[in-house]
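Given below, in the form of structure tokens, are the structures.
Each of the next two complexes has chain A plus one more chain, namely chain B in the first and chain C in the second.
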Partner chain A sequence: MNLLLLLGAPLLTAVAVLLGRNKQQVRWMALAGSVVQLLFALGLLVAFRAERSGGQTAQMLFEQNFPLIDALNIHFHIGVDGISVSMILLTALVVTAGVLVSWNIEKMTKEFYFLLILLALGAYGFFISLNLFVLFFFLEISVVPKYLLIGIWGSGKKEYSANKLVLMLMMGSGLIIVGMLGLYFFGGHDFDIMNLATAQISTDRQNLIFPFMFLGFGVFTALFPLHTWVPDGHSSAPTAGSMFLAGISMKLGGYGCLRVAVYLLPEGAKEYANIIIVLSSIAILYGAFVTMMQKDLKYINAYSSVSHVGFSLLAIGMLTQTAITGALMQMISHGLMTALFFAVIGMIYDRTHTRMVDEMGGLMKVMPFITTVLFLVGLCSLGLPGLSGFVAEMTVFVGSWENDTAFHRVATIAAAMSIVVTAVYILRAIGKTAMGPVTNAEHLELKDASWNEKLAAIILLAGILSIGLAPGWLNDLLTPGAEIIVNRIAGK
Partner chain B sequence: MNELLLLMKNELMVTAIIFLLLFIKVGKGMSNDRLLPVVQTLLLANLILGCFFNQEGALFGNMYHTTPLIALQKNILGLGVYLISLVCSDWLKKTEHLAEFFLLMLSALLGMYLLISGGNLLIFYLSLELATIPVAAMANFDLDKKRSSEGAMKQILSSAFSSGILLFGISLIYGITGTISFSELPQLADGSALFIMAFIFLFSALAFKLSIVPFHLWTADVYEGAPVPVTAFLSVVSKGAVAFVLMTVLYKVFQPIESTWYILVVILSVASMLIGNLFAVRQQNIKRFLAFSSIAQVGFILVGVSSGDIGSSTAVVYFVLIYLFSNLAAFGVATVIAAYSGKENISDYKGLYQTNPFLSWVMALALFSLAGIPPTAGFFGKLFLLTAGGSKGSYVYLLIAALNMIISLYYYLRVVRAMFMDKNETPVPPIQTGASAKLGLIICGIGIVLTGMMGWIYDYIQSLH
Partner chain C sequence: MPNAINIALIPLLPFAGFLLLGLFGKKFFGKTAGLIGTALLLVSCLLAFQTAYDYFFVYGKVNGAYQQFVPMQFVWLQFSKTLSIDMGLMIDPISVVMLVVVTFVSLMVHIYSLGYMKGEARFPVYYSFLGLFSFSMLGLVLATNIFQIYIFWELVGVSSFLLIGFYYEKPSAVAASKKAFIVTRFADFGFLIGILILSYCSNTLSFAELIQRLTTPGSSELQTAAGYSFLGISALTWGAALVFIGGAGKSAMFPLHIWLPDAMEGPTPVSALIHAATMVVAGVYLVARLFPVFALTTPEVLEGIGWVGAVSAIFAAVIACTQTDIKRVLAYSTMSQIGYMMFALGVSKYGGEEGLGYTASIFHLFTHAMFKALLFLGAGSVIHYVHSNEMKDMGGLRKFLPVTHITFLIACLAIAGVPPLAGFFSKEEILLAAYQHNQAIYYIALITSGITAFYMFRLYFNIFWSKPYHPHGEHQGEGGFVMTLPLFLLAAGALFAGFIPFGTLVSSDGKPLESHFHLSFSIAPVALGLAGIAAAMVLYKSQNERPGRISASLGGLYTAACHKFYIDELYLFVTRKVLFNLVGRPAAWFDRNVVDGLVNVTGNITLSLSEGIRKMQSGKVQQYGIYVLSAVIVLSVLFIYVW
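And now, the complex of A and B:
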């Protein structure tokens, strides 16, 4: 399996989209391209499992390494482990669904799909990079598309949100640059993640760089108090943009926190673990309580994202193997769930032209498919067994409980309490929207999901259910990667 | 004789073009439409010739010296002038005195070539003057605009002042060491207070040309008053040349007082980045906007300059190449729009994407490159400058530079937002960009996208050291 295909496919798709002659062609090109990417991602999963079961135990598989700039010792080094494979799969699912739900975009269709595919390219590249420089390059490549997607196709105070999001993410990037250069100079003039993992960097220096790295990636993953771009950005973005932002972009940050900050700077991680736990506990509770007060469906999902991503960060702060596996599961589960949630909200908004919970009611009678999906995704969000949210959150709590100090216990209990709040706001919002009599007579005329929307929902639901009902495969993928990280923390 | 021809081929070629233009001018003259392609071809020939037969050597008792790296620097400047002749062709065709314009511009270029190759303070001073005075005349080229002559006046007065300071510094250096030769100065430098004062005088003259804060006050007015091609020349070619020579001066001549100039460079670079960025935020005129952005960019170049090893010199040369593509693309679009609609304000760019998608994309690419956002080359350029600057290990400095990238992104996005998002009742009408301007913009665009991806360019520059 050549990983370059994973970059080539979106690149070709982007070119094909640009060459498309009319809107219909552009749509089909984008869909074909994203389906090819999805097939690649699935093929990668199969190939990866085949290699592993064939006894291949190297940390990274399908590695490729080309010199890029000799003078600075920069190599284009790519490879995947189980964590990256699952993240790539997540990206492919969300992007395909995103292309499908954007089917009816009439304004500058070509540009829209071009930018969307560019976002996917950045995410794929990020997840396969094994060189900090290349990783950072792919992280930053998404800045332009994000800005334009929100600013041009967004809704509400879109210019403000686009600016806020891009500038805050740029602040994260600024911190990452400094951390990256610190690693480069302390680690013997090397950007390579595999080499840096074996470099001897003294504890003092790790403590110096770790905050830069963790905060930098933390901005991307809505680390409290750097989360303020999330509600504005997510709610102003077009549906596919929100799906990408919440589903993938926030995971870039989480993946970076683990792969770069914690893995390369384990001593720093130990030093600051308690602060991470405190911040993420605040994020979990604060996010949940703020969500209770929201009336706009998109804001509800955006704030609940802050709360849910907090679980990932909390688990990272716990530094045990189960917790880190749980953190990764939560990232993937949340990515699928929140993307689906935004997709459904988009579908409802396209029909009712409102996102206010108070202005809707009884939609179950009018559009059974859409509301059923809404129910499923809501239940996943509050952690119903059988859906992915339960598996992930359970793993996080079990992993967190393994730390037996009072501090960790209190944090775990506080985080677990938030599930009650989640249940309150999810059930209230969905109940109000879907159940009861139809409050607005105009809503009786509305149609249920079209083929593309159904397909998008089914793709994402398949992901959620496959994790929820049979979490074993994901666990097998993630555990070895988490084990390596934990071994490094333990100094083995 | 052969050696003279070969080593000085860049200078001789430019001189030949100057004389040719002079003959054309005093002879029958040519219409702009015919003259411009001739000049463009000549400049291209100069550029191509400059890429071959580059060797190391010195002439006139070390007053003039050249190396492959210096030849590359000259070619980068030559490329800049060639691109200006392309992207600004719509404006150039309309000017009444095309031949004179190129006469002046090429004289300034000749001065820059000599400046980079200069081996002692005498030729340094002479060529710096040659590189400055014609530009002041060029700044006055919009003869019917009062602002243009005002800008030219400001420039000539303030450059005369800085020349005076430079001469004072040179005389002090000669008084202390008894030599003006670059190769002998480092051994004789004593690091005394007087010597440091002389250095500061000399440095401030260069800082003036680079418009480093606090020597930047002339920049915005001159940029705004001058015609766009002149502004482009000032902000790209002129700055590039001085940045190159600044490295020679700091790394070779003043190497013994490195710890002193390091502090100076760091302070000035932080000041330039902050003030350039903060002032750029509020600008309405696109040329003033680019003026302040260029001040901030120079502050960023100084981050690379500060550490003083091979890596930093490579990063600076590489960055200037990228900066040239990015800034000329931005100025190119500004010229095209100014030449056809006379509009120069950022608010006039509202809704540009609806009417002129090509120009908007080029402008957006250029601005993202200036802001250092991938996949554009500016990302690589800035990151390598930071890497170079980081080798001295002052992370606070790096953090300030990195955070300045946020401010700069904010104001570059203002223009992008105006072009792509804001609505406008009367946007700039669709413009039929001339063929050569289009070619120039495409070359710049390709340069912006590909220079970064092609890592061997960096390796090549490094190998020349």
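And now, the complex of A and C:
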């Protein structure tokens, strides 16, 4: 399968959206385009599995390599392994759902969809890039449109949030540039990930660059204490923006931490692993406790994201194969779950015009479909078996437990303690919004989900359930990639 | 050989019901949902009986001992080369007994609910949740892998949450469902860490291998595990104790019991199924499942289990004497009886005659399921009739609810241990096991059996005798055939289940155990039981001033028991005052003011700095390009020459 299709489809969609003559046309074109992308992503999964079962053992499949600037060794090098395939699938699911829930946006519809599709383009490009320069280029494509999405279609103190988010992410990008240059010069004047993975970089130099890379990508994935763009950014962003931000953008960071920082700088990773573990354990528990005190549904999900993403970072710090597989599973699972959570919050907000849990109550009676989805996504968040969160968290715990020092044990136990706190805040949120008597008589008139909202929820739920009920396929997809990273850490 | 497909169908049929009714119930099966759910469960139940018959009498016994069979197993999630979550079907004496108990009681509750829940707006949802619960509970029972049991453990927890909160518009039901979930989740946190420790020590998640590796003296796993300890206590002890904490949470053992009385907010048939006969005994089942590890490798934990059980038994029995909500009396009674099962395991040893406690525990689990489900369904009929849970609204109901009256009386006699009813035999075995191994626990249990008889007959007399009943408003009688049939069937169980020669079927090592029945030994408990009944009769058969005088003379003790010894208040203090106010609130403040404050300060400093270097911002793109380029050059030079 030609990976350029994954870039061509969103590009064509973006152009088509711009050419659309009225809002209805624009919507349908955006939907058609995102469905095509979803089909490509599924096709990629099928093709990838077929290649692998056909005995194709190369680390990256469907590779292509065109020189861009030969003098600097900048090549347009793309290819995928199981990790990228699953991330691409996540992106396609979230984008399709995002297009569906934005159906009723009346303000500058064309521009909105254009920017949304542009974000998707950036994410696809990022996940298939095997050249740091190209990777960075796509990373930036997926940052700038967010400024406009929040600034124009956002709510609340949107200018402040948009500024904060973009400035913090730019700071991350700045750190990444420094790290990239370091890799370029220390790694034999090359930006190519596959070449850098075999380059000999001394431990001192790795220790020097690693913090830049890890912190840089860490900002994207809300590494504590660089997470404060998350709550403000989400609360101001439009629904689809939040879905993209938490569902995909934070995963760009996690993927970067792993594929670039840990994989290319294994000695650096070992040096800083304990710091990562400390920071992420704090993030997990601290995020959970802060969530417990929130009253705004978007803040609840934003802080709970800080806590959940902490599991990915914790697992990366654990440096065992099972843990790293768990980290990736958690990224996928959290991506689907949090996108769905934001989608549901958006649906509720569109109807009740509030996001404060205290101002709602008994919504189950009024909108059974929406609240059922809220229940499911909440249960996924608190790690109920049968949904994806459980699989990912358990893999992280088992993988973390493979390290047998007291330090790792304590960190794992601290992280596991969050399953109780998560239950507290999720049940509080659900109990107050969906259960109990209807507190606001006006809410009795509200309608349940429309077709587009139902479809969006079903698409994301399908992902959550397919991982939660039969996690084998995702595990098979991620494990070889995790194994390569771990082997490199072990110096094999 | 076991028939894998038949056994797999036992949990899968209720699951099919859950999906069918959950997805399409409202649209297509508004009226027929109950019949569909019941029919599926009937098939499940018949398959379970067939499996039990085949196992116990056809193929189960090999070389004089009942064996373990795993007719089906597949890898669900491969963690690492040695650790994987397998899903499978485990067939051995305790799982087969549980299959029968769960499907039978569930079937009774399904039938009963046809009448009890008739006209309920969310009737299909109710049956789909019952299906989900039955599926999860059966999956738990059949687990071959410690992670499989954890998965279904969580699923029964969520089914319980959904059913307690079935009347979701009632704030008290919402609060109770949250409480049940969170308290058991707290216990499950211990369970999870316990699983991690045990699996790390044994390098497997499969029950059979785990037990084999951790109980074979001198095995390499045991030697490695011996090297680990924490706070001077060995890793295995920690692991076993933490796993037990999970079990104690689910089985409402002191001090993790606070959710069970509140869980009575759920519909009464649900209480009968989940909070009396099946889910709450999951903790007992878990300890029994890992019994060889507890008994052979960590006997100190097993002794602790014995004490937790004994304390829970007497503690709950005392509280039960003071409660006025009939379902809460039954809830505390359940906790007390599970305490019996727990300490029976605690005083047992592994293998042979010494393993009597193990047999007795599962025996009591079986008989208790019959009479306690019967008590709850009977209480349901009473509540259905008088529309109240409070004793003060009842009295003299024996004339109005004849079937309920007789069956309730049978159940009360059974739980009080009056021969020859079911409870007598199983309790006798438990007391004998305790007498042989731990005299202190024996005396606690003996006293508790007297208290049990007292509070059960206090309940009985208050409902059916006491004062005359004056019917008012609309009464629906006993709900017809669907509500009385389960009462009859369960009453038959309460009457005759004691005659099953349990020792020959279930024992700690699979080899048949001879029945121990000593007339002389039974005198004390039976006499105490009769004394309890007599006391209740004197105090409550007709209205008089004696109960008031006694409670007044007990003073503080009575008030404390009435307030459940203030354990709830203690929990509230810890969660509200400590977790919310001392942890949550400061963390939220810290995040908004310190962490985020720093970000804003950085932003402002940058802003004021940029005021100073404003001239650099000429707006000429070429100039910006020069800045970027020079930065790249400087960094490049640094990377090349300095580092």
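Keep this in mind: the second predicted complex is superposed on the first by the 492 of 492 C-alpha atoms of A that agree within 3 Å, B and C clash if a C-alpha of one lies under 4 Å from a C-alpha of the other, contacts with A are read in each partner's own complex, and residues count from 1 in each chain.
FYI, contacts are C-beta pairs under 8 Å (C-beta built on N, C-alpha and C of every residue); 3 or more make two chains touch, one makes a residue touch a chain.
Quantities reported herein were computed from a predicted structural model and do not represent experimental measurements.
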{"item": "Touching partner for A:167 - first (chain B), second (chain C), both, neither", "value": "both"}
{"item": "Partner chain in contact with A:178 - chain B first, chain C second, else both or neither", "value": "both"}
{"item": "Which of chain B and chain C A:293 touches, first, second, both or neither", "value": "second"}
{"item": "Partner chain in contact with A:141 - chain B first, chain C second, else both or neither", "value": "first"}
{"item": "Partner chain(s) touched by A:71 [first = chain B, second = chain C, both, neither]", "value": "first"}
{"item": "If touched residues of chain A are counted for chain B and for chain C, the larger one", "value": "C"}
{"item": "Partner chain in contact with A:362 - chain B first, chain C second, else both or neither", "value": "second"}
{"item": "Residues of chain A contacting chain B in one complex and chain C in the other", "value": "163, 167, 178, 181-182, 184-185, 208"}
{"item": "Parts of chain B lying in touch with chain A, wherever the complex brings them together", "value": "311, 314, 364, 368, 373-375, 379, 383-384, 386-387, 390-391, 393, 395, 398-399, 402-403, 405-406, 409-410, 413, 416-417, 420-421, 455-456, 458-459, 462"}
{"item": "Complex contacts: residues of chain A adjacent to chain C", "value": "163-164, 167-168, 178, 181-182, 184-186, 204-205, 208, 225, 227-229, 232, 286, 289-290, 292-294, 303, 321-322, 362, 364-365, 379, 382-386, 390-391, 394-395, 397-399, 401-402, 404, 406, 412-413, 416-417, 419-420, 423-424, 427-428, 431, 434-438, 470-472, 475, 479"}
{"item": "In the complex, chain C residues that touch chain A", "value": "75-80, 83, 85, 147, 150-152, 154-155, 158, 165, 168-169, 171, 174-175, 178, 181-182, 185-186, 188-189, 192-193, 196, 199-200, 228, 230, 579-580, 583-585, 587-588, 591, 595-596, 598-599, 603, 632, 635-636, 639-640, 643"}
{"item": "Touching residues (chain side chain A, partner chain B) in the complex", "value": "67-72, 74, 133, 136-138, 140-141, 143-144, 147-148, 151-152, 158-159, 162-163, 166-167, 170-171, 173-175, 177-178, 181-182, 184-185, 208"}
